[in-house]
Every structure is written in structure tokens, then in C-alpha cells.
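The structures come next, written out as C-alpha cells.
Shared between the two complexes below is subunit A, which pairs with subunit B and subunit C, respectively.
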Partner chain A sequence: MSRGCLISLLSLLLCSSVNAEHSLSKEDKLKAAYLFNFTKFIEWPILAKSERPSSIRICVDGSSAFFEFLEELVANRRVGKLQKTVEVLSLETAGGCELLFVREGEKKITIQLDHTVVVADSVGTAFPNGALFFYVEQGKLRFEIDLEKINSLKVIVSSELLKLARVRS
Partner chain B sequence: MKYLILLIILFSSQSVGQNTPAEFAEMSMQQLFNQSIYDVKLYNNQTSPWSLTYQFKTVEFEGYLDGTKALSFDEVLWNGPSEPRTAKNFPILPTLITQKAQIFALGYQFSPHWHGRISVPYIQQRTDHISIVGNYEYFTIKTQGVGDASILASYKWFDADSDTGVWRFSFGLNLPTGSIDETGDTPREPGEQQLPYTMQLGSGTYDFPFEFSYINTGAHDFNVGLSANIRSGTNDRNYRLGNNYSLHGGYRIDLSPTIQTFVRVNFMYSLPIHGQDDSLLVNSPFPYPAGITNPDLYGGKKINVRLGILWQIAKDYRLSLEIGKPVYQNLNGPQPKEKWQSAVSISRVM
Partner chain C sequence: MTILQKNPYKNRVSFFYKQLFAVMGINILPLLIMSGLLYSNFINDYQNNLIEDMNSKISLLAATSRSALIFNDNEAGNVLLSSLKKYKATRYVQIYNTDMELFAEYKRVGQIIDVPVEDYKNNAFFKNENVYLSQRIMMGDDYLGVIVLSADTKSLNVQKNNYLLISSSVLFASLIMAFILNWQLQKRLTAPILELIDLVGYIAENKSYHKRLDTHRGDEIGELILGVNTMLDTIETHERQLFQRANYDELTQLPNRHLLMERLSHGIHAAKRSKTEIALLFLDLDRFKIINDSLGHRIGDELLVQVAAKLSNTLRKSDSISRWGGDEFVILLENVEGVFHIEHIIKKIILELCRPMVVEDHLLHVSTSIGVARFPKDGKDSLSLLKHADISMYKAKEKGLGKHEYFERGMLNDSVQRLTMEMQVHKALENKDFFLVYQPQVAVDSECIVGFETLIRWNLNGRFVPLTEFLPVIEEVGLMYELSLWILAQACKQNKMWQRAGFSPVTVAVNLSASFIMHPDCVENIQSTLTDTGLAPKYLEIELTENTFINSRITAVSVLRTLQAIGINIAIDDFGTGYSCMSYLKDLPIGTLKIDGSFITGLGQSQANEGIVQSIITLGKSLDMMIVAECVETEQQRSILQSMQCDIIQGYLFSPPLIVDDAASYLAKYSPQKS
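Our next item is the complex of A and B:
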């Protein structure tokens, strides 16, 4: 085999051509899918018409790759009894959100979180308003729920979701 | 070969993408619950359908077995007229056979179920000998070049709601791209002569490999399988290598999210060579100058145990290291016995 051919093959092996979608770990992709699924199992209180959002808004404090993946994931999908669309918003620009995903415990939040279900990246994310927390058990992604916190938000959580969650003590 | 690569590229434009946002959106809560987070072991988790693998394999043979009985070099080497010549001793004796192969493989995941792979080995072989022939008391023969290319297709059955088990059927074709006309200087006669079967780079025949296996990826990550390599016809030198059959099993343990260790046990049964390359014979009542020129002294049964480690060194790179040793060999002998084997491979999802 010629040296040139060998070098070409090794170059192909080593060269990097990763796009944004591909740079996400499977764990992050699963988190994005969980966030979308949470919108199916949580009902938010019906607000006055002027305050009522036209879609379920997921605010993301994450990498742009994560944002793009989640945006594509929810595109053209409708959830809940009202068959609302799901919208992904950047935390920096959002006026409000039904679901907020945070990675950093010390993130400064400027929006109102009255009925916002805050999902923390891990149980170690010490965000004060966290209601759902991802964690890994035996190589699989799970989530923990803070019942006290979520009840205070006046949202209705489906029993199906509660069955799968570990309750935070 | 280039047409096959073109065909794969053509198919790739019609393939089903994997791990797309849409696919994740379709997953139920229960399906998400059953998904492993590790990119290292799931069948449906590649970021690209293309993969490239480079593998370096080494296997070494030293010492002799007749059945399960170990023979010394003195017992297999015919020491001249002072001792009787039999069908089991020879004037030329390979003492150490080293085979190295660099395998380049290109894989493509056509769909969650179908996978294709083309591989081409580059082989380097070396055999050290002793003999009773003057000027050839110790000599070494080497050959190197491209071996037999292989095209393999795999189909997987799995339950989309769970990632605990996969059934896989693989089948393919080995092409006779490796040389069977390798020559070298041996004591058989002056000058360059045709080398024995072990020193050839290919089989010279179209062979049909297949495998049926079950892979469990749940709490206990194990696999079991049956595989075979069925040879067809005879090559231009009027022989075909023996069929190989194998029953294998393995168990993997997670050491960390990116590192796994594994143990594999492989029971192999190989048939002797069918037919004969007459150019390897000498004109004598005992026509085989060395055991490796006798087609009947190939094949047998072996149980190999291999230990290894899998390491997801980066998102798209996976390294595998393994070392193996036969724990049982019952060979059609006298035949050189396998001493050990090793393999290092790095694969990249493109």
C-alpha cells in the first residue's frame, strides 16, 4: 500500500468536521427530549386573556447547539388539550416562560417566574427555584421532582410524570 | 471497489437519519427512560452514518501441537537419515510465525437496522525456520501486501421501546484480492519458489462470512453469537482454505461513562485445506518438506479468551485494546500452535 494512501486514510480518520447538531452529547439530546415531554405532562394555570401566552415557551440557558437542537425538536409540534405550539426562547430575550432550563445555579434571572417550572441540569445545580432536576442512574437519564416547589407554582403535574420521577426529600 | 463506494454514497442520500431532533421528539417518556446516555454502546446513537476504523492485529504462533499433545522442535524436525522419516516429521521447521494486519474499514449506517462495511487488510507476515539443509540452518521468510477485501452487511432487530437487546445477522463476501502467488527463497530448491499457504496473503477464493448474534445492553451487557466463513470453489492453485466456524460470547462492564472493559470467549472449529498446491511438493516418498506445506495439517479446534478495554476517548473517537490467548487447542498436527494475539483499533464517526 502506498504511503500516500495510508496518509490519506489516517487524515480522513483524524480530521474534524463536526457540526453544531453533532457536537451535542446524547445526554444533552435526551435532556432536550425530556423538556419537550414535560410540556405534555404539565398543565399551567389559565391566565387572563391579556397575559395568556399563545404557545408553551421553553426558555433555555444553554449552549447554542442545545438551543438549536431543541428548537428543531419542537418545531411544528403541538401539545396539551389546547394543542398549543411549543416555542424555544433564549433566556436573555424571553419575556416569560412556562418551562425554564438552567445549567448554572447562580444564573441571574430577570423575568417573572410565577408559574415557571424550573428544570435544573443536574441535582447539583443549586438554582433556588428548581422544581425538576436531571440526574444519571446506571447510565440512564432520570429526573427528580421537588413536590413542594412544584405545588407552589399552581401547575398540574400528570400522575404519569410523577410515576417516573424520584421525589426530592 | 470504487463502484461499491459510489453505490454506498448513492444510498447514503436516501438513508434514514439517526438521532435527529425529530426522532428524539417522537420518543415517549418511557422510551426516554430506557435510553442509555452513553454514546459508546448504543446501536442507534451515532452522530453520523459514516464511520472509519483502523485496526492493527498481531498473532503469533510458536511451538507445535498434534491434537492436544505438545511436541518439541526436536520431535517435529527430521534430523536426517539417522532417524526414520514419517508423515509427522520434516526437514524444514517453522519455529515462529508472526502475522500482522492493518485493517482499514469504512462503515455506513443505512438505517437504524441496516449497516454496511467494507474493509481492506494490509498484511505483513514473517516466519523463522530451522532446517537440516546446508546454508539454510536458520532462515526467515517475509511477505507483505494487501489481503482479501471484505464487504459485510448487517441487519439488527431491536425493540424501539427498550435498549436492552439486539439480534444481529451479518452476511457478506470476501473478495480474492490478496495474492496467492507469493514467492521466496526456501531450501526446497535454488532461487525463488512458491511459498506455503501460511505465507500467502489471500485465500484466492470468494468466501462468504456470516454471523448471527444477540447483544444485550441492559443491566448485564453481554453478547453471544455464531459465525462462519464458508469458502467456495478452488483457487488458481487448485486448493481452498478450510471453512471456519465459531461460537463466541462476551461480557462488558462499565468502568466509567466512557470506559468499558470486556472479556470474550471464542470457540473456533476450522477445517483443513481442501485440495493442494502441487508446486509446494518435492519429488520424494515424503512429498512435504515442511508441515505447513501439507494441507491436511491445518485446522482444528481452539478456545480463545480475550480481555480488552473500550474507551470513548472523544465524542467521535473510540479506542479498543485487546489481548487474547488460547486456553485450549486441538490441532490437526503437527501444527504450529497459537501463542497469543492482540488488537488495537481506533474508530471515528465522521
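Our next item is the complex of A and C:
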């Protein structure tokens, strides 16, 4: 049950076992948690077809504390119907990923983005393939979704996610 | 007489309603159980549906609130929960996170959270007319929180009331329908039984058995009705037979005395109303006893049947004829217009009965004596009329055969006297108060005694009762045979005693009635008397009247021939006054003719009388008979008779009837000299 205790973001954020805790802002921690939570509400059909055991890959900037924090967060966790493990990969080394978190001013993305859901750090992030965008409203971290973009990807987004998201016009 | 039994339990609940209520009771029980089960089932279903409905809602909410919990979006959670707003039963719904902190909530205005989240159980429960449910919110194996929901059960209560109403209505309608159907069914089933009860009641009340019930049923009730009908047939037949037996004479089929009394009573009432007269004719056949005793009851009965038929044919249909008993008939004539009317009918009856009747080769002559009593003159009621008609009839009988007499008040005394005499006759016979006297019969030529005629005398309290007074009474009361036997025995015994005393033997003549001769034991009794007394038959002479042969000549001839064969002499007494024809004289074994005294008394007074006597003597002589003249009182009579060659003379000229001792003296004095 301790695994399920991830639960609330608050408790997660208060978890003292995370090494990167001190180097990350509360917002970044929330974003890391949101990234992980996105994997629960998005399905990648291609993963189901794959013959080898595969995991959901989240690509973030590898050099950051955010990477570490997220890596620790998803360690030994399984999500979705297929109970896939979640793997955090560095943007620089990753051959491909299902979820890609980009920040403004980061290095140019070289990986193939066929079915990759790109999560932008903010609504202002100038990234052409962004499907989900974080934003803060009344002190609460929320996210926006580009339905056209995400629908163009070969992924299935849960209506529950859509219900919480602001739809990008 | 049938008495209608009163039922002490009557006026209680009828059989119909008892059965109806019993069946209804049996019907109500399963209906109540079914209605209860139906109601309970409805409520359970509705309750289950309500819980299921709430469960589905809470499940949906739990599923859809997961993302809100995960992304800590309590606003989204609140929005989700408020979707239950349109379900009016919802009181509140809450989502708690894993720390049991309230995450989202919807609460209807005015509702309070009355059950803390910790008190919720795994299953739904009811409390304070509310239902409470909870469900854990899971994401895979991850426990995200818990959702609780409370809803009021107003709809359940409304449904309960509805179902109660429906069940009650169905129950009530079923009861009404069951009642109507059962009522109809019971009515149909009990209708024939009620008809039977009505029939039995009608029969018990009216004593009438003619009603029947129609039935085309093939079941047990049909059989019961058929059984009752058959029973009624039998009862009706028995009733008819009983009525016939109670009211009609079995032999003649005429009404009996019971029915006569009813008709007479009715006739008197009618006569009172219409102020008309009625006449009651009391008939008694003359000499019937002789026929009955001599020829047997079968012949007597057949004769009565023929007489009844004759009477029926003679009278009008409106006249009522009944057999009173024995040889007595009573005729009731209503609306009598006068004596001439009664006379006309009496004449018709007498004329019709005078005609001889043939019964089994016997040519029988009967006549009837009739007594008449009239209403209102001779009696005001049935019994007095009957009594007076009866008395009149006896008076008529005293006058002779085939006579009739109207009632007169004076007859009542005669009747009393007659009753007294009947008792005295019985007593006299028991006490042997009768005694015999002997009147000598003397030969005309020698003037010697040749015999005695035995005559009976009755000394009643110092008075000699005339023969004409007591002999008819003796005949009527049926003692004649017994008395005749006594006379016969006495006479024979006395004659034998005289012979034993050394007197010259003479005959002793005994008068015997026709009924004695016709009696089946007549010959046997005469023979045994002779044997007992030791008298030789030739010293016994039997005197009969011509009427003896009227009723049945064949029997009389047979008896007389037997007696003659024994050696007994037969004499015809009172010859010349009877009704029968002369031809019998040559057929009958008669040895002596006794010329009636009335002819003798007239001798020397008219030529015609002498002619008759001469003719009788000539007739007798020609048939080789002895001629006896009785009641000879004068020498002139004796002289004439002698000149006419009469053989024997009897009368006061020689001697009155003598008592035994005087007779013995006479015998000693006038016996023929023994040669």
C-alpha cells in the first residue's frame, strides 16, 4: 500500500527521501508529479504492439535536478492497463520517448516525435509540437491541452484528463 | 298425524352463508399471504433498485473523480459531485482523500452531515429514513480516497404507500371478485338444496306429496333429488292407499263410516247454510246372517259387493252411500225436497234389492230394512242422526222384511227397551231362564195324542215375554243357533224321558230357524243331540217356515235330505203365508204340512178360507204328507177339518201348551191304548 501512497501530490512533495528536493521548486515538483500522472491517463497503442517488454519513457533534460527527482518518483512504478514501468530518459541520449517535457530555451530536440506527447513547461513555450502546456492559475498548477495536436498523435487520452485540462483554442 | 318439527336452531346463519363464509375465509388467507408477499417483494425490489441506483451513481462518481483527486483538482471534484443536484433524493455526497480529509462535497441546502465518514460501512445501510453508501476510490491498486453518499428514502416511502395502496386494492378487488364468484357459485350449488328444503318444508306444512323437483343433473345432487322424488312417489302411493283404507271399505269400495261421518258433518253444515233438509237412510240387510253363516263368508262378501253395486246404480251421484259395517249401509241424501223424495228413493232401493242375485250358483233373495232420520227434524248433529236412523231401522225390522220406518221420538224409549232386552236375553241364556212348553198334537179321528210341538217361554221377573219380542232380539244378537240347540236338546231329552217313563212314544216337534238349518254344523249337531239323548230320530220332527228355502234352496234341500235320511220328519210350519212357490214341495223331503193358524181361525166364517184350507189339505195329501192344523179352538173347526180329512189337530180345543208335568199327565191320559 505504501506504493499507492504516492497519491496526493502534497504528500509526495513532502517526502523527504527525494534527493533533488531541495534543488527543485514546489512548482517543478508538481510538474514532475503531473508528468508521471499523465502516463496514467494516456495510452500509447504502439506499446501494446511491441513484442519486447517495454516501458513508458519520459524524456526530460538529463542534467537537471528535475530529472533526478522524476526518476526517483517513477522508480518501480507501473501504470495503465498494461502495467508498464515508467522510465525517465535524458533528452540527449534517448532514442525515442512517449512523453517529452520541454522547457523554454532548451537544446534542440533531435529525437523522433511520432507518438510522443510533448509537454511544454508553460503556455508560452515556443515549441511547435507541444500538446500539453502547464500554467499556473490562482496559485494552482494546471495544464492546457491542444486537442488538435494530441489527436494527431497515435495516443488515447482519457476523458478524465481532458476534463481537468483547459482546451487550447 | 305428522307434526311439523320445530328446529330450535333456526334463524341462525343459513347454510348458504356458512358455506360462503367458509370458502371466503379459505380464499382470504392465501390472498392475504400473497398480497403480503407481493408487497414485501415490491418494497425489497424497490429498495434494492434504490441502492443499486445509488451504487451506480457513487461508482460513476468514484471513477470519474479519480483524476480530480490525482491532480488535486477539488473544484473539478465539486463540479462532479454537484451533478447529483438533479437527483432530489441526494442529501449530500463527499469525497475524502487518503488522509480522510474532505476533498470535494455537494450538499443540498438544509441538509447536514449526520454520519461521519468513519461510520460508513462497506454495504449500504438505512438510518433515520435515509440511505447511506460509501465506496473506495481506486486507481488500479492505488487507493485514492473514499466517496460517501446519503440520500433520503422519501421515494421509498412514497413507493411503499403506493405499493400498499396497490396491494390493498388488488386484495380488495380480489376479495370482491372472490365474494361475487363464490356467491354465484354457492348460489348455483345450493339452489337445488334450497329447492329441496322448500319442498320438504312445503310437504311438512301442507302434508301434500304431489310436488316434484325437476332435475337434469347427473351429479350427486341430481341423485339426491331423484331419490327424494322416488321417496315422494312411494309416500304418495302409501298415502293414497292409507287414505283409501282409512276412508273406503275394502270389500265394496264404498266410503266407510269414517268418510261418511265427514260427509255427514259437511252435509249438515251445508244444509244449515242453505236451510235445506238432509235424510240419513240406515239399511240393514234382512236375513244376511243366515246366508253368511250357511253359505260362508265368501258368498256373503260377494253378496255385499253386489248389493253395494246395486245401491250405487240406484242412487244419484250426489247421494252418498257408505258401508257402515257388516250388512249395514248408510245413505246420505242431501237437498231433500220432501218425504216423497225419500219415499221414491226407498222404493227404488227395495225394488232393486228384491230382485234375486246369483252368487256362485246360489240364487239369493235379500231384502233390506231401512231406518230414516232427517236433518234438522230428527237431529242436529251427525251422531244423533245416525243413532236415530239406526233405531228407526230396528223398528222397521220389527215390522218384517223389506220395511222402512221414519224416526219418531217415541222410538228412543223402544230402543232403550231393546237394549235392555239384549242384555236380559244374554243373561237369560246364561242362567237358563228359558223353559219349554209342549202343546199336544192330536189325531183327528182317534183324538189320541200323536206328538207335542215344543214352544219356548221366557219368564222375565214374573212376566212372560212374548215370542215376537225376544226372538228377533235373539236373532239379531246372534244367539239363535245356541238357543235352538238348547231347545233341541231339551225337547229330545224330555221326549226320551217320557218314553223311558213308559209313556207311548210320540214325536216332539221343534221349530228351527232358517239360520240354524243353514249352519254348516246343523246336521252334525242334530245327530249328536239324538245320540246324546238316545231319542230315536223318528220321534223328532223339525218344523221350518217356508222362508227357510227362500235364501238358498240348494243348501236347504241338501240338509233336509240328510235329516230325512237319518229318519227325522220335516214339517213346514205356517204353510200358506210364505212367499215361495209351491214347486219346492215336490222337491223337498217334507213329511208334514202345518196349515197356518190364520186360515184355521177363519174356518166356518168364509167359503174362501175353507177353500184355501181344503186346497192345502188336498195338495198335502196328493204329495203323501201328513196335514196338521194349528190354532184349532172350536169344535166347529175340528169338525170341518175332520171332514176335510185333516190328520192332526193342535190347539186350545184340546190343550194349550203345557209345562213338562202337565204334558206328562196329558200324555198319560190321551195316549193311544197299547194293543
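We adopt the following convention: the second predicted complex is superposed on the first by the 137 of 169 C-alpha atoms of A that agree within 3 Å, B and C clash if a C-alpha of one lies under 4 Å from a C-alpha of the other, contacts with A are read in each partner's own complex, and residues count from 1 in each chain.
Heads up, the rule we're going with is that a residue touches a chain if its C-beta (ideal position, glycine included) is under 8 Å from a C-beta of that chain, and two chains touch if they have at least 3 such contacts.
Predicted model only: the values in this text are computed from it and were never measured.
Undergrad: Could you say whether A:37 touches subunit B, subunit C, both of them, or neither, answering first, second, both or neither?
TA: In the superposed model, A:37 contacts both subunit B and subunit C.
Undergrad: For A:27, using the defined touch cut-off, is the partner it touches subunit B, subunit C, both, or neither? Pick first, second, both or neither.
TA: So A:27 only meets subunit B here.
Undergrad: In the overlay, answer first, second, both or neither for which of subunit B and subunit C A:160 touches.
TA: both
Undergrad: Now for A:113: first (subunit B), second (subunit C), both, or neither, which partner does it touch?
TA: After superposition on chain A, A:113 lies in contact with neither partner.
Undergrad: Is it subunit B or subunit C that touches the larger share of residues in subunit A?
TA: For subunit A, the partner with the higher number of touched residues is B.
Undergrad: If you stack the two complexes on chain A, which partner ends up touching A:65: first (subunit B), second (subunit C), both, or neither?
TA: After superposing on A, A:65 lies clear of both subunit B and subunit C.
Undergrad: So subunit A touches subunit B in one structure and subunit C in the other; where do those two contact lists coincide?
TA: 1, 9-10, 34, 37, 41, 142, 160-161, 164
Undergrad: Any idea which subunit A residues touch subunit B in the complex?
TA: Per the stated touch rule, the residues are 1, 9-10, 12-14, 16-18, 21-23, 25-27, 29-30, 32-34, 36-37, 41, 69-70, 72-75, 77, 136, 138-142, 160-161, 164.
Undergrad: For the complex, give me every residue of subunit B touching subunit A.
TA: Subunit B reaches subunit A through residues 19-22, 24-25, 27-30, 32-39, 42, 45, 47-48, 52, 54, 104, 122, 146, 219, 254, 257, 315-316, 346, 348, 350.
Undergrad: For a test of understanding, state which residues of subunit A touch subunit C in their complex under the given definition.
TA: These residues of subunit A touch subunit C: 1, 3-11, 34, 37, 40-41, 79, 83, 142, 158, 160-161, 163-164.
Undergrad: Can you name the residues of subunit C that touch subunit A in the complex?
TA: Per the stated touch rule, the residues are 64, 66-73, 76, 97-99, 139-144.
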